[in-house]
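Okay, so subunit A shows up in both of these, paired with subunit B first and subunit C after.
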Partner chain A sequence: MAEHAPKSTAFANAPEPPPELERKPLVQNLRSFAWISDRIAAVAEGRTPKWWWAAFVPSVALMIMCFVMIGYLISTGVGVWGVAHPVSWGYAIINFVFWIGIGHAGTLISAILFLLRQRWRTAVNRAAEAMTIFAVMCAGIFPLIHVGRAWMAWWLFPIPNSNNIWPQFRSPLMWDVFAVSTYFTVSLLFWYMGLMPDLATMRDRAKTKIRKYLYGLFALGWTGSNRNWSNYEKAYLVLAGLSTPLVLSVHSIVSLDFSVSQLPGWHTTIFPPYFVAGAIFSGFGMVLTLLIPVRKLCGLEEVITVRHIELMGKVILATGSMVGYAYAMEFFIAYYGGNPYEMFTFKNRAFGPYGWAYWIMVTCNVISPQLFWFKKIRTNLVAVFILSICVNIGMWFERFVIVVTSLHRDFLPANWGYYSPTYVDVLTFVGTFGLFLTLFLLFLRFVPLIAIAEVKSVIPQGDPDHPLGSVKEMLPATPEMKPAAKEPAKAAKPLGLLAEFETSAEIKSAAKKVRNAGYRRWDVFTPFPIHGMDDAMGLRDSRVGWFSFIGGVTGYCSGMLMIWFMNSFDYPLVVGGKPLFSPVYAFPVSFELTILLGAFGAVAGMLITNRLPRWHNPLFKSERFARVTHDRFFILIECRDPKFSETKTRELLEAAGSRRVEMAEE
Partner chain B sequence: MSDLFPRWYNQLPLKIALGLLVSAVVVSAGVWYYLTPKYSRVGYQPIQPVPYSHATHVGQLGLDCRYCHTGVESSWYANIPSPSVCMNCHSQVLPNDPHLAPIRDSVKTGAPVPWVQIHRTSDFVYFNHAVHVNRGVSCVSCHGQINKMVEVRHEQSLTMAFCLDCHRNPAPNIRPLDQVYNMTWTNDPARQLEAGVRCVRDWKIRSSHNCSACHR
Partner chain C sequence: MNTELGNASAVVSRWTKVPAVLMVLGGVGAVAGFAMDPRQLGFSYLLAFMFFLSLCMGGMFLVMVHHLFDADWSVPVRRISEHLACLSAVMAVLFVPLALLAPQIYAWMDPAHADHALHAKAGYLNAPFFYARAVIFFAVWIFLSWRLRYWSLKQDESGAAACTFKMRKLAAAGIFLFAITLTLAAIDWMKSLQHQWFSTMYGVYYFSGSVWLTLGTVYLVAVWLKRAGPLRDLVQPRHLKDVGVVLFAFTVFYAYIHFAQYFIIWNANMPEETFWYVMRERGYWWGSSMVLVFGHFLLPFLLLLRIDAKLKLPLMVPLCVWVWLMHFVDISFNVLPPLHLEEFPWRWTDLACFAFIGGVTGFVFLRSLARHPVYPLKDPRLRESLSDHEVPPPAIAEAVHSHEGEE
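And then the complex of A and B:
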């Protein structure tokens, strides 16, 4: 498509940047807004492809097997597992840590890369966040069934009960409950909030009534109003800010499950950063394993480009090297610390009865990602796919090595043993892949797997200050709608003048003109948030941050108060001679509650300031307005505005560049 | 679009939120009341093989608890009497009463009378009758006014909270040792508290609240 054409006018006198400094485009071939929404939404529309069924049926079968195994476990007892003295943390804990680790890529991509302004994240964040949620669901199963009496699992939550006792908040296992459930909830909120504009796109494209209704219901009446975008973006930023420490805290707390106990091989301070690096490593491994086939099968090679794959390969290289460093450092400290038990544990880890697992881990986690130093390998999709599977295997073995090798050699040689899983262990674990893939495939078919609105905002046309932002010839011709052909009876009350614009540059300059003309009751509607539009409209800074702040402060204070009340006042529980209350041990849970209520505050603040959900909106009556979630931009000036006059306002909008101005009705 | 979502949809969130709030309160209150031992265990009164009336034997005739439950002072277990204890009197009194047939059968065959257990603690809870009755905790405190029950019923919740209430503050439930088996003994609350505190001190009652006191 016209690669040189747009440069002709705008770039005529500008010096050409050297080719090696030019950024590779995030969407190849200069695609238009319409192409992006058509192509991405097509995956969730139309007939179900054969490959989908071919993947879905075995996944469901595996998922059913997982639930059968869990049913067998609960009805029979934990004796059906291989866990026994001395290895009492077997597959369940290994798999829990494995899945939780995988769940770290999504929030990392959506939050940390967002804060770091890595715009390539837009093509992969939706799928990665979905993967996170499903992985955390798989992870959550294991502690639940590991407690033995799964129906008593509610005792983990601080709910008043007739035993008059409260959870013991000095235990990292308790912190885990809060960390993982907060992580799941916040990830889900983040994911859903990102979905809202795209669900509106799906709603406006839907052909059948039931699809229109369901997408409409979940889109909460999103119109793409810039007053809404302003609050939405603030809430998104706040959620990203909250999720960043959250994602780091979750795997740190998971690592504390191990490192707080005084067991050689577990009791080390390197565990939290080492676990977080490993989690990101495994998460990106899983993202690549999923997205390399998906981009091919769904025909999205131009959106999830080789550059995206390459960048993720670099993340794997970096985190894989950190993991390798941590392995080396564990050995060094075991030697340098001079503790004979530590030394024994690590010698035993590499050369003992589980040496085979250790060397699988080292091969997959330390050696194989080093191949990503080579650009040829980073850009070879088959190689990346195979290496990403290696990462998954290696990270599972890492958890196996950590859990099993430290436990199977006790301080008393009489307790030594060898752990092997039973078929129930193995089938439950394999079954969780079924659950994971089933959910992921359902996600592919029902929800846009790439953030449509966000991708539109990172292509050159989406930037009003970019030369391509004002280029019209790239837009496909619009079928001209017959103006006022089916004008209804004049009984309807007029709402205001709705003007349509075609490019991001046009809408931004038009917004400036409307603002300068002194209008108050007006709004801009766009398919994606446009950079600088808030200033053009003269909007004040969004107040969403305050909602989140109040939520966070409430969360922190109520967490501290709750723990003091439960463990020190209402039931003074003495554990190991530790103080009844200390802000140090109360911190992890209070921190998680800060994040949780802060996130609730951000989302609630976004909905309240935006007056959403608002399913019934007079603007939806306009057929033309349905394109606001697709490729068109609108300005609405309401009749309620004191300066409104039908002729003058219409003149202003037409002068601003709109070719279609219509009267919207109440 | 607009025909799919009529205007009243916009009021839905508020209504749903209100509905959820109300149902959450109702469900919590319901669970709190109906699904806790205070409701689900108190009042349990199974039909026994022999309609033995504590009201008659203890309330009217003045039998001491220990006449039948002989082990209560010396073991963790307040035993159910063997049928021969019944026959001490009933070989003379009402010797042919049809209600007592299971007792007579049991004496003849040696098979135990299938009494239905009413008060039970979980397997993971250790409870010792002897330490309680020997330190002034009366039968009444946990079993209620047995002397008035024609058929025995579950009188107290016997939850962990019930145990803890007394373990944290035993004074109100400690009485003189010679009144432990007196089902009708009462004391003026103010004087009881004072006496109870003195007993706790003098008899060195250390009602522990650590986990391993009961969960051994």
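And then the complex of A and C:
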């Protein structure tokens, strides 16, 4: 039975929480494991709904328009844009920063909220991570086309070229190249790693051969083995630990594009955290804009509950207020610093020709999110949806204000101007929404949009120590399968005894019994990682962390060495009066490489220690075993185990509570 | 009701003499120092004051964030932060000598000090407004911290949810006031030592170091009270681990903030900003800058990196003491260079003032610990904090019972 006895007098004296402070459940209506995988997987299975087509066709049209505009730009030249002296950074940089910012919510939800043990993240992290990847793709387009000759963009990478010079790493542009590409790669890895167990679920549910093959291919032979889960969870934790500073660094580095300059309005020390807060703010705005309709259209209101929406509203409130703090500080220090140019810039921002943009920004980013103080607003989906759109608008205008207002009044009035975008600017930007939505809609139809395994691990039935962890089939969801056929004596070599269990509490106590009986070659298979199972099985701590540590150290050292070699040794070039080499300017790139190789180490370590990919696993032959990614728990004791004896082992497993024990074959 | 539970008076009373002695010795030293060199004493006093103000600010932040997040893990150690936050009152009293010494410390207060940069900000940096702001800061801090503790203590008796809601509301409004007052206080009392210099990050910078110091302190106090008895059952390894994790997070956060500030100034290379760091890259200050890089960040970072490190007391206790030392260096790095640019920066008066303010605040803190229950006895989240899993709401518990009945 579950062990949830009170521990101490302090616990005994602690009162039950009063009803108004009860925590709401993360999945409503006590849904079962089977219900969760059925419901979530259904979005990517079956017939394509009409609303999907209704959204997909216009999105594709917009996307095509985006590419047409880009084609026109590249074939004609940057003159088709509105950028001109003095505002030489226009829509392209605004949109780049905007989309990169949108991309911050995914990693925040998957990494930072994971480290903060915010279990509600499980319902939204997958979609937000997918959104991150697509948003970074949209963002990546803009610097590429902004360089003018897009076909020369490969010069940005430290590759020997015909000019025999190296990229120079004192430029924030180089930091961006490394930050954004690292961010994209690590986000993709993180997203894919989170997907592996769910792809296995899709594989085991697949009705057609082609689906089974493709999902199986990408699931890498995942079985839900607890020895795998143990390494997997460690790798996940390490990736979360790496992604947290990464997500902070990316927008910080984007902010350095502005703040390391000397331009009034750009050069201010609070930019890095201010940009990060703004990015998280805008990212959550976009997550809400997308998920409020999606949860309704896909029938997922019981998984993405109003509580989730409410919590995201609170994150918006917090980050919006931080952004407000930064606005205020900028103004105050512009005064306090006593620099007349700085003061002019800020006065001009608020009351100059672009004052309208400034006040849109302040209204949407600071004032309107304050409505989230009220629970009535936070729980009113229409209101939240509207406010989330305000956030998107406000954050786009924030970048507009920063980029354009700081540039349009140069130090000499002869260099003043007014920036207006052309239709190519506007249509390219609008077109990126088409690209973004197209990718997002494809994502909805092909992969589970909610992390199935993770949601299962946060419902009460998933916790073996919870009273509900030992309750069987709360709501009968799937019809009972026919009992396992008596295994016929085939010529095939036996692999071991495979016992099936129904609840998380059962499997945990069974694992303890098997361990205490002294077996060595055995494993537990579960649809999601079970709390305390490693201890129950007596597994030692996973070694994935070391792979990552070695990767990280290698990345840092190679970054520093590379920059020293290129900018100080092989082709010394003085830039901006800065030293030829300094660990200060070399830090951003070295840091990004630390994270990149650390993440490679974590994922490679996870695959190596788990001996994956392994597409042909004898267990896949067992018909019942397909439910391991759905709602059943298994123990396999291999024949190779020295203590294995068919009768005794079977007795042990049956005594541990299994109702079905079968002989699995090689 | 178990009266022994959470009562720290017996444990604490054994130690109250220590801060009292420190207070007396430090006080005598400070008076002697004042007689010898009032300007030196002013800087020493400011250094110690800003150090202990960090504890008060950090405590207030932890309490408010606890309420805003509706957290459960920090319930057993919340009272420690509440007491730290309530040091605001004694800090206000301790500000009086600083207010009197201010003309010795802040160059801009000298009417003879002619400076264009000062002229531009005279509307903000002038003596009457400076004192008025200090009064406002302390009024805000005292109000917030004492009200938060008041409702928390009320809840010890009733366990009412209404208290939680009161605290949550206070925290919601408070976090704004806190952000503004802390920032301006850091600007007024530390940054204006070199009034020509400016940085929008400065408030966040002082904040990050303050919370870091407070987390180290909370860890130490929690370990002490756990070992001595009053928190034995309450502070479980996972609570200590969580404090350690947040300490780790703030180790990184502080480094991030300070590096960002330095990096942006270094790159833009504008003399109106760089002079502040150039001063701090000379002589002994070069050494203390390096101590900050390696001691404030790298060493704690590497030591705390492993998950299990946060529970190893032989590592954590010295590390938390180290946190105190590093924060002292950090505040010195901000405060002392205008006074001692080339020579060794610290004087015996620094120790005397540190002992004095540390003694006073320590005495008040210990007395608060002894007087009140040492953890929130009836906090609605306490049960959740002490149990291994999320406590099922009664609705679910009922469903389980009815289900079990069927079987």
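Everything that follows uses one rule, which is that the second predicted complex is superposed on the first by the 633 of 666 C-alpha atoms of A that agree within 3 Å, B and C clash if a C-alpha of one lies under 4 Å from a C-alpha of the other, contacts with A are read in each partner's own complex, and residues count from 1 in each chain.
Going forward, a residue touches a chain if its C-beta (ideal position, glycine included) is under 8 Å from a C-beta of that chain, and two chains touch if they have at least 3 such contacts.
Just so we're clear, the structure is a prediction, and the values are computed from it rather than from any experiment.
*Asks:* Subunit B versus subunit C on the shared subunit A, clash or fit?
*Replies:* fit
*Asks:* On the A-aligned overlay, A:165 touches which partner chain: subunit B = first, subunit C = second, or both, or neither?
*Replies:* first
*Asks:* Just checking: does A:335 make contact with subunit B only, subunit C only, both, or neither of them? Give me first, second, both or neither.
*Replies:* In the superposition, A:335 touches subunit C alone.
*Asks:* More residues of subunit A are touched by which chain, subunit B or subunit C?
*Replies:* After superposition, C is the partner touching more of subunit A.
*Asks:* For A:416, select first, second, both or neither according to whether it touches subunit B, subunit C, the two together, or no partner.
*Replies:* In the superposed model, A:416 contacts neither subunit B nor subunit C.
*Asks:* Counting only touches as set out at the top, which of subunit B and subunit C does A:620 meet: first, second, both, neither?
*Replies:* first
*Asks:* Please provide the least distance in Å between a C-alpha atom of subunit B and a C-alpha atom of subunit C in the combined superposition.
*Replies:* 21
*Asks:* Subunit A touches which residues of subunit B in the complex?
*Replies:* 1-2, 4-10, 12-13, 32, 36-38, 157, 159-161, 164-165, 210
*Asks:* Mind pulling up the subunit A residues that touch subunit B in the complex?
*Replies:* 160-165, 203, 209, 212-213, 216, 221, 571, 574, 613-618, 620-621, 626
*Asks:* Quick one: which bits of subunit A touch subunit C in the complex? Just the residue numbers, please.
*Replies:* Going by the criterion above, the answer is residues 4, 6-11, 13-25, 30, 115, 119, 237, 245, 248, 252, 256, 259-262, 267-273, 318, 321, 325-326, 328-330, 333, 335-340, 373, 460, 463, 465-468, 471, 474, 531, 545, 576-578, 584-585, 587.
*Asks:* Flag every residue of subunit C that touches subunit A in the complex, lowest number first.
*Replies:* 1-2, 5-6, 68, 116-117, 119-121, 124, 159-161, 164, 172, 175-176, 179-180, 183, 187, 196, 198-204, 233-234, 245, 249, 252, 256-257, 259-270, 272, 306-307, 375, 377-384, 386-394, 396-397, 399-400, 403-404
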